[in-house]
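The structure's right below; bear with me while I get my questions together.
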Amino acid sequence: MKGLKNAEKAMVAAATAAALALTGCGRNQANSITVAGSTAFQPFAEKLADQFMARRPDVRITVQGGGSALGIQTALSGAAQIGMADLVKLPPEAAGLESITVARDGIAVIVNQGNAVSNLATDQVRAVFNGTVANWRNVGGDDRGIRVVSREAGSGTRSSFEDILGGFRLANDAIVQDSNGTIRETVANDRDAVGYLSHGLLTERVKPVSLDGVECKEEEIVAGWYKLVRPVFLLTKGAPSGAAKDFIDFVLSPEGQETIRRNGLLPAR
Amino acid sequence: MNADVKIEVRNLDVFIGNTRALRGVTIDVPARSILGIIGPAGSGKTVFLRTLNRLNDLTRGFRATGRVLLDGADILAPGADVVGIRKRVGMLFALPVPLPMSIFDNVAFGPRLAGTRSRRTLRQIVESSLKAAFLWEEVKDRLNTSSLRLSGGQQQRLCLARVLAMEPEVILLDEPCSGLDPVSTARIEEALAELKARYTIILVTNNTKQAARVACNTAFFLMGELVEVGPTSKIFISPSDPRTNDYVIGKFG
Amino acid sequence: MVVRWIAERAVKWVLIALAFSALASLLLIAVFIFKEGVPFIVRVGLKDFLLSSEWDPQAGRFGVFAMIVASLCVTFGAMIVGAPLGVAGAIFLNEFVSRRITRIVKPAIELLAGIPSVVYGFIGVVAVAPLIREHLGGPGLSLLCASLILGVMVLPTIMSVAADAISSVPNSYREGALALGATRWQSVRMVILKAARSGIVAGVILGLGRAVGETMAVIMVAGNTVQVPGSVLDPVRTLTTNIALEMGHATGLHRQALFATGVVLFVVIMILNALTMAAMKRGHAGK
Amino acid sequence: MRIPPRYAQNIAVVLLGGATALALAALVFIIAFVMVKGMPAVNLKFLVDSPREMGRSGGIFPAIVGSFILPLAAIAIALPAGVGTAVYLAEYTLENRITRVIRIGTDCLAGIPSIIFGLFGFIFFVTVLRMGWCILSGALTLAIMILPTVIRTSEEAIKAVPRSYREVSFSLGATQWETVWKVVLPNAVPGIMTGVMLSMGRSIGETAAVIFTAGAALRLPTSAFDSVRTMAVHFYLLAREGISLENAYGTAAVLIVSILLINAASYWLMHRFISRRAR
């Protein structure tokens, strides 16, 4: 009856797992915070959470991605105590939430390293991305077609990009990628591609272009010269309190802001 | 009725789907003796046997009317304790079916179901059952090896021991020697001869000579009907029905 | 005995409850998806939703026609790549190669079924798409790239199920055919493929299901442009990727539109299921 | 014109062999690609250390733990439910309308893409039931996802147990459940294990359903209500956000080796199980 014993063991294991799961219910809610939302800010939040927990061992912070809308939604439903959003204009349903600007992020327009173009006027960016200009020759480059690469509809980076540039529709045949990393890989691999991504995630694999002669650089953004900048919000339902407030205070503290700056985002003000 | 009658079957009709497998069978099975059942393939012998321990409940489309009284209680009655009946009525199948476990575990299967947990008691039961099935001497040193390693004849005796271990009152044998060589068959028959002193045994067999050798009484089934039943000598020497005569002398079947 | 009888009863009820667990999950999922999606479809109109190819959530335009076409094309493409290779591999490994090699190769192939789809997708981005772009033109991230990646991804499933089906054909069939003077190939073509047909079809169906439903790998390699593809080099967006791409950001009507996409996906999969089941039945009847 | 059989045979062998070689080449390429790019990043520290700087440096220990816990928890939930369903379908009832409905439902469930499971799990377990992103939400979602596979393979395995075993068990006075528990299930274990392995493979490689329900926390979980990150999710996030390609490939390499080890271990366990029973 060896088989019987094995089956019994499996049952016992399953029961134990279930029991463990149930005892997990007893954890302390007050000192456990979930932060969810913007994938662009997610890595920063993870870093900040680690620093915060190092000094406050009684608090557990869990950071989840999912996108800005998910940040708003879960902050509203209570699934997360703090939502993260990086949109220029918050959607109407976020009206019920407290929003605190904790950082700013520049959006860099990028091209392949082999592309001769290194500066674009705002009008040209608009024309390139909405498809009216389809050849690099028309904006000062080689005689090659332009391949537009964009983030997906609703992404914080994309909505901010579109809102700041104002009044255009993305070209119909644009390639869509759903993350900074894949946008970067796509542009890095394709000589004709143009895209945009968070300033903090620029690497030498791609080439950022200047906008109206202003480089996408930290000093220019801080000075307010560079146009494509969006805020990063932390959202809470009602005024933040308890551990959530402590965490937000930490993010806004000089130490927190320095962490944000060192890792490629810009301080809140 | 008679104290020496173990099972009384009255007007038993069995349907499987739309086929009528048994037609109005009425028969008394005497206690502590061997009833042989003979008849050609498809005559309803096996269906009859499997009705006696309600194993036909597993057959799709099975339906039975009539009464089967085991010690006076109807086992076909709606509220009958099927599991209890099967404990009292053991069965040995045509092909040996050792369960894929050790020899010991095979024999201890029934007693364990009945709630026997003590290792010592189980050992005793296993030993006595294997002895009664004439298998003990061959396997006593390897009780923990897989039953699948035994030869066909040994496997069938193991199955017999397994039935004996649950201490039934009735033992049903469904052509138990059909897959065995003459030597193994002889050993089974030897065991049966000893067992009839304590058990009511019903032996379905295709082999009329086997019935003649071991059965006290013999019944002849044909096309779902019980043609004739009586002492074995009478059935084989001077049957009252000509069909019985034709069958036992080998005109058909 | 009473205790045993009660226990027996209890077990039976527990089993009945468990047996409905799968059904209950399905219903729960269907209710959730349909509750959010169906009101949207009613509001926009089935025709506008299904037959328009314009998808612009900001402008309030929601048409999924191009995505339905893209889903079907990608799946079909993946099958063109995966099914012949998978079935050929299964035949070859079973009928033309020694048992020893098969015993090593088959588990290795099954191992590949466990590799996460995102790994396949990423390899598509960094290795396959650039090749397509350089040698065939277009953006690289395309219908072709998605079909190739998905085709390779479903290969292990198809190959392993088809191989099981072929190896379960009794040896006597093979010997019978060979004894009648057939070559190895004739015995395969005339006897073994016929006998193993339903198993092979089952493998292809499993692969098909996996290809229709795959999301993460397709997001990476398909380019995700909403358009009815004009050639295999065009980027496309499938139903699954549409949901995964935008769900994180969608609110209000947009979110409902994505659930409605889920409803369409659900229906497309049910239709594919029904068609393949019917095909299998016909296959059985023809035997 | 007919091609003579002998040539047809040769042509077929060349074509089939070519197709097989192509298929194997594609698969070997994928494994080699991951291994070559990933192995340099893998060392002991990578295996036992926690990720630092969002995974840019440090190791992947929590993700390795997550990759084992989550599929195992899912199987712990789906196995009783799936085997129970299979037992009910195969042993407790004849084919009728109810079993047909259950079967069709199971088939439909099998066809649902994982992204839909992810959405459903997110809405139902994470939001409606307020369980948050955690092992339990993820395991329940994965359990529903693998349920059809477990049911199907278990039912096949149970049906393959010879009918005579059941008859013997019944004739020895076993009840229905005793027969199932002591005779049928032990003999169906190898087949059930196949389903478990398939499910394990699918869960360990799943990202869409996991990321929405179990989340992607980088820490070691301490209870079933903690979020975990699996290796597949870790790879996805690292590669997608372009955080660190080296570590992404390293993670994929570890994942492939883990799957290899799990497969090998299960073959070994199964072999042991079968040989012990047949001893």
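Of note:
Think of it as A, B, C and D in the order they're written, each chain with its own count starting at 1.
In this text, a residue touches a chain if its C-beta (ideal position, glycine included) is under 8 Å from a C-beta of that chain, and two chains touch if they have at least 3 such contacts.
Note that the structure is predicted; figures quoted are calculated from it, not measured.
Number of steps on the shortest path from subunit C to subunit D, with steps defined by chain touch: 1. Of all chains, A has its CA centroid at the greatest distance from the CA centroid of subunit B.
Here the two chains linked by the largest count of contacting C-beta pairs are C-D. Taking the mean of each chain's C-alpha atoms, the chain whose centre lies closest to the overall C-alpha mean is D.
We define each chain's centre as the mean of its Cα atoms; on that basis subunit A and subunit B are separated by 77 Å.
Look at where the CA atoms of subunit B average out and do the same for subunit D: the two points lie 47 Å apart.
Between the Cα centres of subunit B and subunit C there is a gap of 53 Å. Mean C-alpha position of subunit A lies 32 Å from that of subunit D.
Residue numbers of subunit C whose C-beta contacts span two or more other chains: 4, 220, 244, 247.
Those residues of subunit B in touch with two or more other chains are numbered 83-84, 101. Each of residues 1-3, 39, 65-66, 178, 182, 185 in subunit A touches at least two other chains. Those residues of subunit D that touch subunit B in the shared complex are 94, 162, 164-175, 178, 182-183, 187, 277-279.
The part of subunit A that touches subunit C in the complex is made up of residues 39, 65-70, 72-73, 91, 93, 147, 152-156, 159, 162, 169, 172-178, 182, 185-186, 189-190, 193. Contact residues of subunit C toward subunit A in the complex are 56-59, 125-126, 129-130, 133, 139-141, 219-220, 223-227, 235, 237, 244-252, 254-255. Across the complex, subunit D is touched by residues 1-4, 6-7, 10-11, 13-14, 17-18, 20-21, 23-25, 27, 34, 36, 39, 43, 46-47, 62-66, 74, 77-79, 178-182, 184-185, 201, 203 of subunit A. Those residues of subunit B whose C-beta lies close enough to touch subunit D in the complex are 53, 55, 58, 60, 83-84, 86-87, 90-91, 93, 95, 97, 99-102, 109-110, 113-114, 144-146, 148, 159, 162-163, 166.
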